[in-house]
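Each structure below appears as C-alpha cells.
Below, chain A partners chain B and then partners chain C, in two separate complexes.
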Partner chain A sequence: MTTLTPSLTSSMIAILPELVILVTACTVLVADLYTRDDQKQSNHNLTIIGLLLALIAVGFVGGSVPTEAFSESFIRDPMSDLLKGAILIVSLLTFIYAKDYMRDREMWVGEYHVLLLFAVLGMLIMVSANGFLTLYLGLELLSLCLYALVAFDRDSKQGAEAAMKYFVLGALGSGMLLYGISMLYGASGGFAFADVAAAVASDGVNDKILVFGLVFALIGIAFKFGAVPFHMWLPDVYQGAPTPIVLFLSSAPKIAAFAMAARILIEALGGLQSDWGEILVILSVLSLALGNVVAIAQTNIKRMLAYSTISHVGFIFLGLLAGSEQGYASAMFYSVVYALMSAGAFGVLLMISSKGQDVQELDDLKGLSDRAPWLAAMMALMMFSMAGVPPMVGFVAKLLVLEAIIAQGMVWLAIVAVAFSIIGAFYYLRVVKMLYFDKPTTEVPVTTNASARVAITVNGAAILLLGMYPATLFTLCQQAFPG
Partner chain B sequence: MGFEKFLFYVFAAITVVAAGMVVTRRNPVHAVLFLVLAFVSSAALWLLLEAEFLGIVLVLVYVGAVMVLFLFVVMMLDIDIAALRGQFIRYLPIGLLIALVMVVNLFLVLGPSNFGLELFAKPEAQPADYSNTVELGLQLYTTYLYPFEIAAVILLVAIVAAIRLTLRRRPETKYQDASKQVRVKKGPDRIRLVSMPALKEKSK
Partner chain C sequence: METVYLTIVLAPLIGAIIAGFFGGKIGRVGAHSVTILGVGIATLLSLWVLSRFIWHDEQAFNGTVYTWMVADGIRFEIGFLVDRLTALMMAVVTFVSLMVHIYTIGYMADDAHNWPEDSRVGTNSYQRFFSYISLFTFSMLMLVMSNNFLQLFFGWEAVGLVSYLLIGFYTVRESAISANLKAFLVNRVGDFGFILGIAAVVMYFGSLDYAEVFAQAPALADTQVAVLGGVSLMTLICILLFIGAMGKSAQMPLHVWLPDSMEGPTPISALIHAATMVTAGVFMVARMSPLYELSTTALSFVLVIGAVTAFFMGLVGLVQNDIKRVVAYSTLSQLGYMIAALGASAYAAGIFHLMTHAFFKALLFLAAGSVIIAMHHDQDIRNMGGLKRYMPITWITALLGSLALIAFPGFSGFFSKDAIIEAVGHSHIGGAGLAHLLLTLGAFVTALYSFRLYFLVFHGEPRMDHHTRSHLHETPWVVTIPLIALAIPSVFIGWYAIEPLLVQNWLGDAITVKPEQDTLHHLAAHWHGQREFIRHGMQAAPFWLSMAGLVLAAYYWSYVLQRNPKIDVELQQRGGWLTHLLEDKYGFDDFNQRVFAGGSQRIGRFLWKSSDQRMIDGAVVNGSARAVGWLAGVVRHLQTGMLYHYAFAMILGLVVLLTLFVTL
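Moving on, here comes the complex of A and B:
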C-alpha cells in the first residue's frame, strides 16, 4: 500500500491550474444562484479572472523538469505546460468573443460558463494525463460538456439533431478507444503510459494484441480529431450548434486531441511507430483530399470551415507520422496555431452576427469591408493564414510539417499535401474576394463591444507576428520532445 | 475447478443469449427485462472472479436503480417499433458482414494462442479472510485518488447538463409550492373574515 500523506501537498501544487479552474467553475455554479437575471456580468467576470489565474498557475508550476503526482496518474512536463497555456488562452478568447452573441440570444446563463469551464478542466486533465485511465476520464469530462453545449439552444431543432449525432458517434468513438485501451491493458498489465511502453519494448509480450489495441485506440483518436473516414459528425455539428460553441469546439479541443495522440502514440506506443505511421498516412491523405475538395462545394460558411478543419487535421497527422522529434514538434506547432486561426475566424463570424440574425451563409460575408473594415481585414488575415500564404503563421506551420516529412524521405506525401493545399486555397481566397469585391447584401451596421475588438486585434496580431517570428513558439514545441 | 468452469459457461451462455434477445425483441419492455437478465448473469461472472463488491454493485445500481428507471421511460414512451424494424432489416446485411469480420478478428486475437493459460497464468485464489471491498476502497483512495475525483466532477457535469437541457420554467403550469404552503399563517393568509349583513332566502 502506498502512503499519500507526505506527497499530497506537492501533488496538490502540481495540479494547481486544474484546481483553479475547478474552483472557478464551482464558484460560478453557486454564485449564479444568487444573482438576478440582469446581473449576469458577474459570471463572466469570475470566469475571466479564473482563466487568468489558471494561466498564472501554469507559469508558476511550469518548468523544464517533469513532475509526476498522485501515484503517477498525473504528469506535468514542458509539453503539458505549453498546451495548457494555449488551451487557456484560446478559451479566454472564446468567452470574450461569445459574450454579445450569447447575451442577445438569452443563452448567457450560468450553466454556459460552468459547462465551458468544466470542458476546459477536462482538456487540462487530458493534457497532463500520465496513464490511460486519467486520459479517458479527462476526455469524457470534455465530451460530456460539449454534447450538452451543442444542444445548448433548446429551441433549435438543428441543435438537438447535431447534439444527438455528436453524442452517438462520440460514444462510439469513446467505446472504440476504451476497447483499444483494454487490449493494451491486457497485454501490458498497467494503465500508465510507461507500463505500456515497457511492454512494447520487451520481447515477451505478444505484438499482435498490442497492434490490435493500437488500431482501436487510433480509431478513437481519429474520431475525436474528425479525420476521414471518421469525420461524419463534424459538418453537421458545426452547422447545427450555436456559433460560439463551434468556435470553442473547433479550437481548444484540437489542442487536447493532439495531446491525447501524442501521449498514446508517442509516449505509450512509440515502439510501434512503423505500424501506426502507416495507418496515419491513409488517414491524413484521405483527410487532406476530402476536406479540401468538399469544402469548395459548401455554401454554408460553418460547414465550409468544418471541412477546412478536416483538411488541417490531415496536416497535423502528417507531422505525427513523420515519426521524428522534428515532426512531433511541427504537429504540435500546427495544432496550437490552428486553434488560434479557427478562434479568430469564428470570432469574426460572431461579431458580425447581430441580434436575431446569425451569419450562416457565405453570402452574408459579401461586402463586409464596407460595413466593418477592421473585421473584414481580420477575417481576410485568418483566411490567408489558413490557406498558407506567407507571412502569416499558417504558412510557417505548413512549411515545418512538410520539412519534417521530407526529412524522412516521404517526398510523395509532401507533394500530395501541397497539391491539396493549393486546391484548398481556392475556397479561402473566395471568402477574401467576397469580403472585398462584392456588394453587401444588407446595410445593417455591425455593432461590437470593445473587449471583443481588442481580442480580435490581439488574435490577428498573433497570427501575423508568430508568422514572422515563429522561433519562440517552435523552440517551446521542440523542448516538449527532447530527442 | 470443474464445477466453477461449468458455472462460468452457464452464466456466459445466459449473458450472450440475453444480450441477443435485447436487440431482437419486438416489445421494448421485454428487451429491457432481458437486459436485466444479462446484467444479473454478468454479476454472477464477477462473483466467479472473486470480485464480490463489483458483482453486488452491478445488481444494486444497474438492476435495482438504472434499469427500473429505464423501464419507466420505456413504458411511458410510445415507440413505433415497425419503423425501427424497417431500418433494422435494411441495414442488417452490412451489419452482419461487419459483425462477422469483427468476430473472426476477435477470435484470432483473443483466442487461446494469444491469451492462453501458458501465457497468462491463472491468478491464485485469495485466502478466506480477503475482502475485495476493503482492497477496492484502499486502491480508490490512494493509488487512484486523482481519477476518482475526476469521476466525481464528471457526475457533477452530468447533473448540470441534464438540468440545463430539460428544465423549463412554464408559468402556466399549476403546481404546489410546499414552502409557501408551510408559511401560511392562521391569520389573514388563510381565512379572510368578511362582514356582511344577514340574508334570508325568500321562499316561493
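Moving on, here comes the complex of A and C:
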C-alpha cells in the first residue's frame, strides 16, 4: 500500500473535514452567547453551512490513495471518505428534520447544536482512526455527547432514566473495549492497527491473549451496534430520549460503528477471522431472532424501531462474518442504507409530531394517509425498504449480504436470515396497513416546513433510486475493500 | 437515437404521473394539457423515427438502457429494439393515442354526472382518466419497444393493468366491476401460458434477450421436450406464448372478456380494446416470427384459432343491439383475421391489417362514442335512427370507417384484408383450407353487421324519445377533429402502404419467413400496382360476398325498415335456434360460469373448509403466528427495565463468549 509522506501540512489537509466541524462547533458555541432567543435560527444556519462545508472538504481531500497523518495515528482512505460522506449527509438530514420539533419544545438551543456537532466530530475521528487510541478518542467523544443528548429534555423523567442507563451500560461497554485494547497492546506492543495485525500474523490463533483481547474488543463493538445480548440499552434509550436524538442515535452512529468494526476486525484482527467470524455468527443469529420476534409485540413505535435496529444489526454482522471482500462491502452498503432508512422513518415521526403531542404509539400512525398523504407515502416507502421489498434499496442490501454468505457456503445462515426477515416483514407491513387502511384517531392537521419536506422527499427518492441503481454505491463500497 | 427513444417512452409516463398524483392541484385543464403534451411529444418523435426508417434508411437500434440485475448469467434489463416493425407500431400507437386523448376532452367533459353525488370516488375522475390513458401509452410503448422477454412481460402486464383499471373505471357500477374482474381472470389464463412460454425460453435458451434467443433458435429447432408424451420445443414455446396472445388479443375461447370490456368509457374502447392493446398479441407473434417459423404445428394452431374467431365472432355481432358491442364483436372478428394471417406466415399482412384496423376501428369506436354523447349515453341502436341529419361529420366519418371495415375497394381495409385472404389461400399448412373458407365467408358477415349498424343508427326515421331528439346536435370540435384525423388514414393508408409493406418487404429483417412457407410472394410476384390489385380483387369471391352483405343489409334495414319498423325483431325471431345460439354467444359465458366459476367455487369451498380452515389456518398459520406472538410476549419480559439486569446480561454474554472461544 503506497502512502503519501506525512508532514504537518499534509496532515492538516487530511483532517480538513474534522477541522471544519470543530471550527463550526466552536463558532456556534461562541455565537450562541451573542444572539437573543429569537435569533437562534443563526445557530441552525451555521450548523448546516458547517456540515455542507465538511461534506465538500471530504470530497476535496478524498481519493483512492490512502493518506496517513499525525504519525500514522490517522488515516484517510476510500472507506473513510465514503463513510464520512454518509455520516455528514445523515447528520444534515437529522438537523433539518429535527428543527421544528426542537423549536416547538424550546430545546432548540446552542448546546444542542454544539453537542450534535461534537458527536459528528467524534464519528469522523472514529472513521479515520488508524490505531486503537484514536479510535477510542473518537468513540468517547461521540458517546459523551450522546449521553448528554439523551437527557436533553431536562424535565423528562424517562429521558433522565434512559440517559442514566445508557451512561452506565456505555461505561461498562467502553470498559470492556478498553480492557480488550489493553490485552491486544500487551500481545502486540503497539496501538496502531498495523502493529496488531503484524502480531496476529506472527503468533496467530495460538496466542490466547490475542483471542482474549479480541473477545473483549468485540463486545465493545457489539455494544455500540446494539447486538444481542448487548442490546438492552437500545429499546429503553429509544423510548426515553427525545425523538430527534433517537433519529440521530439510530442512524449516523451505526455507520461509525461499522467503521470501528471494520478497522478493528478486518484491519487489525483480520488474521483471527475464523474466531471472530464464529462469535459474529452467534451474535447475528441472536440479533435477528430477538429483534424480529420481539418487535412484533411492541405497541410503541420507537421501541418497535429499536428492535428493528437490532435485527438489521444482525444483517450487518452477517456481511462481516462472511469474511470476504464482497461480504465486507455488502455490510458497509447495508449500514449506509440502514442509516438512510432509519433517518427517513424517524424523520416522518418527527414531522407528524405536533406541538406538545409526541408520536409514540403505533396507533398514532393510523390513517396518516388521510392527514398527510405524502408523509404517509414516505413512511410506507421506508417500511417497505426495511422489510426488504423490491425495488427499494433495503431489498438490494439484504440480497447482497445473502449473496456474500451463500458464496462462503453458509447456506443455513442465509435461510435463517430469510426466515426471520419474513417474520419481520409482518410488523413493517402492519405499519403500512395502519397508515392506509385504518381510520385516523385524531384530526389534528400536520404542519411541516418546506425544508423538511424537501429533505424527506430526497431521502425517499434516495431509497428508491439506490434500489434501482445500486451499482454506484456498491462499487464505492467495494473500492473500500480492495482485497 | 437512444435519447429519442427514451423520450418517446418517458414523456407519456411523466404526463401520467403529473396528472395522476397532482390531478387535484393542476385541475382538469392542467391534467389534459400535460398528458396531451406528453403524448404529443411521443407522437411527433415516433412519426419522425418512422420517417427516418422510410426515407433515410435508418438502421435498427438494439441496446440496453438499464440493467436491473444479473443472476446466473441471465440479464434482467430494460432495453429497446427499434426496427421497422417497432417504428410502425410506435407511430400507430402514439397517433391513435393522441387522437383519443383529444377526443376524451369532449367525451369526459360532464363525467361528474356518472358518479353518485355523495361519494368521494368521483373526485378528480377526469384527471384520473387522463392519467390512466397516458400510463397506457407508456406501457404499450414499453411493450412494442422491448428487446427482451422480461420487458415484454412487463409491458404486457402493465397494459393489462391499465385495461383492468379502465374497464372498471366506474367503480360504483356493478356491471363494470364484474366486467373488469372477468377481463382480469381471463387474461390470467392467457398470461399463465405466456409466462410458462417465457420460462421455457429461459430454460432452454438461457437468455431473455430477443437477439440471442433468435440466434440460437435454428440450432434448437429439433429439440424434443418430454411434455405430453414428447413435443418439439418450438411448438411448445410457440403455443404457450400464443395462449398469452389469445388472452390479450381475445381469441376464442379466451375472447369472452372483450365484449364485456365495453363497460369502460368509449375512448378507451377505441384505444385499448380496438386499436392497440388487443393487437399486442398480433405484434408479439410477428416479433417472434423466427420461433414460429420453426413450428408448422404452432402455425396451424394459430391459423385455425384466428379463422374460427374471425367468422364466428362476426356472426354474434349480427344479434347485438348495443352500439359498442356490435363494434366490439367486429373487433374480435378482425383480430381473428390478423391472427389468421400470422398463422399463414403472412406476418407483414397481419401487421398491415393491424395498422389499417387501428385507424378505422378507432374511428368507428370514436364515432360510436360521438353518437353516444349525442344520445345522452343511451347505447341501444333500436332507439336511434336518422342521426345523419343531426350529426353530419359523425355520419360521414362513420360511413368511411364502415366502408374500410367491409373492405370496400380502394379503402384501406380492402388492401389489408384481401391480402390476408389471398395469403391464407396460398398456405399449405394444416387447416389452411378451412381457414380460407371461413375468412372468405367472414367478408359477407362483416358487411352485413356493419351496415345493419350503419343503417339503424344513421338512416330511417328517428326512434328516440322527443326529449333526446330535441337536443340532438353535432358534438364539439374536440370530438370531430379526431374523427376526421382518423378518417383520412382509414381511407388512404392502404393504397400507400401496401406496396412497401407486402411487395417490397419493407419490414425486412424484423420478420423472418421461411421461403417454403412464404405465402406473400405470390402477391409480390403478380404485383402490377394498386389499380390492378383492386381490379383483381373485384373479380374474387370476398368482394362479391361483401357486396351481397351490403345489399342485403341495405334491403332489410333501410328499405324494409321504412315500411315495417319491427323488421329487426322479426328477423331475429325468424332466426330461431340460430338467433338463440348467437345471443348466447355459443354458450361460452354460461359454460365458463358453470364449469370454471362454479367448479372453482366448489373446489375452493372444499379446500377452504377442509384444508385451509383446519390445516393451514388452524395449525400452520395461526399456530405459528400464535407461537411467534407467545414467544414475543415472553421474550419482551427479558427487558425488565432494571439496569442491573441489563448489565448482568452483558456480563453473561461476555462469560459465555470467553468460555467458548478462549478456554475451549
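Everything that follows uses one rule, which is that the second predicted complex is superposed on the first by the 473 of 483 C-alpha atoms of A that agree within 3 Å, B and C clash if a C-alpha of one lies under 4 Å from a C-alpha of the other, contacts with A are read in each partner's own complex, and residues count from 1 in each chain.
Going forward, a contact is a pair of C-beta atoms (placed from the backbone, for glycine too) under 8 Å apart; a residue touches a chain by one contact, two chains touch by 3 or more.
On a predicted model such as this, the values are computed, not experimentally measured, just so you know.
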Touched partner set for A:Leu22, first chain B, second chain C, both or neither: first
Touching partner for A:Val65 - first (chain B), second (chain C), both, neither: neither
Partner chain in contact with A:Leu33 - chain B first, chain C second, else both or neither: neither
Partner chain(s) touched by A:Ala450 [first = chain B, second = chain C, both, neither]: neither
Touched partner set for A:Lys208, first chain B, second chain C, both or neither: both
Residues on chain A lying within both footprints (that of chain B and that of chain C): 208, 212
In the complex with chain C, residue positions of chain A that touch it: 164-165, 168-169, 172-173, 176, 208, 211-212, 214-216, 218-219, 222-223, 229-230, 232-233, 235-236, 275, 278-279, 282, 290, 293-298, 423, 468-469
Residue ranges of chain A touching chain B (in the complex, touch as defined): 1-4, 11, 15, 22, 29, 69-71, 73-74, 109, 111, 114-115, 118, 121, 125, 133-134, 137-138, 140-141, 144-145, 147-148, 151-152, 154, 183, 186, 206, 208-209, 212
Contacting residues of chain B [partner chain A, same complex]: 105, 109, 114-115, 119, 138, 142-147, 150-151, 153-154, 156-158, 160-161, 163-165, 168
Chain C - residues contacting chain A, complex: 66, 68, 628-629, 631-633, 635-636, 639, 641, 643, 645-647, 649-650, 652-654, 657-658, 660-662
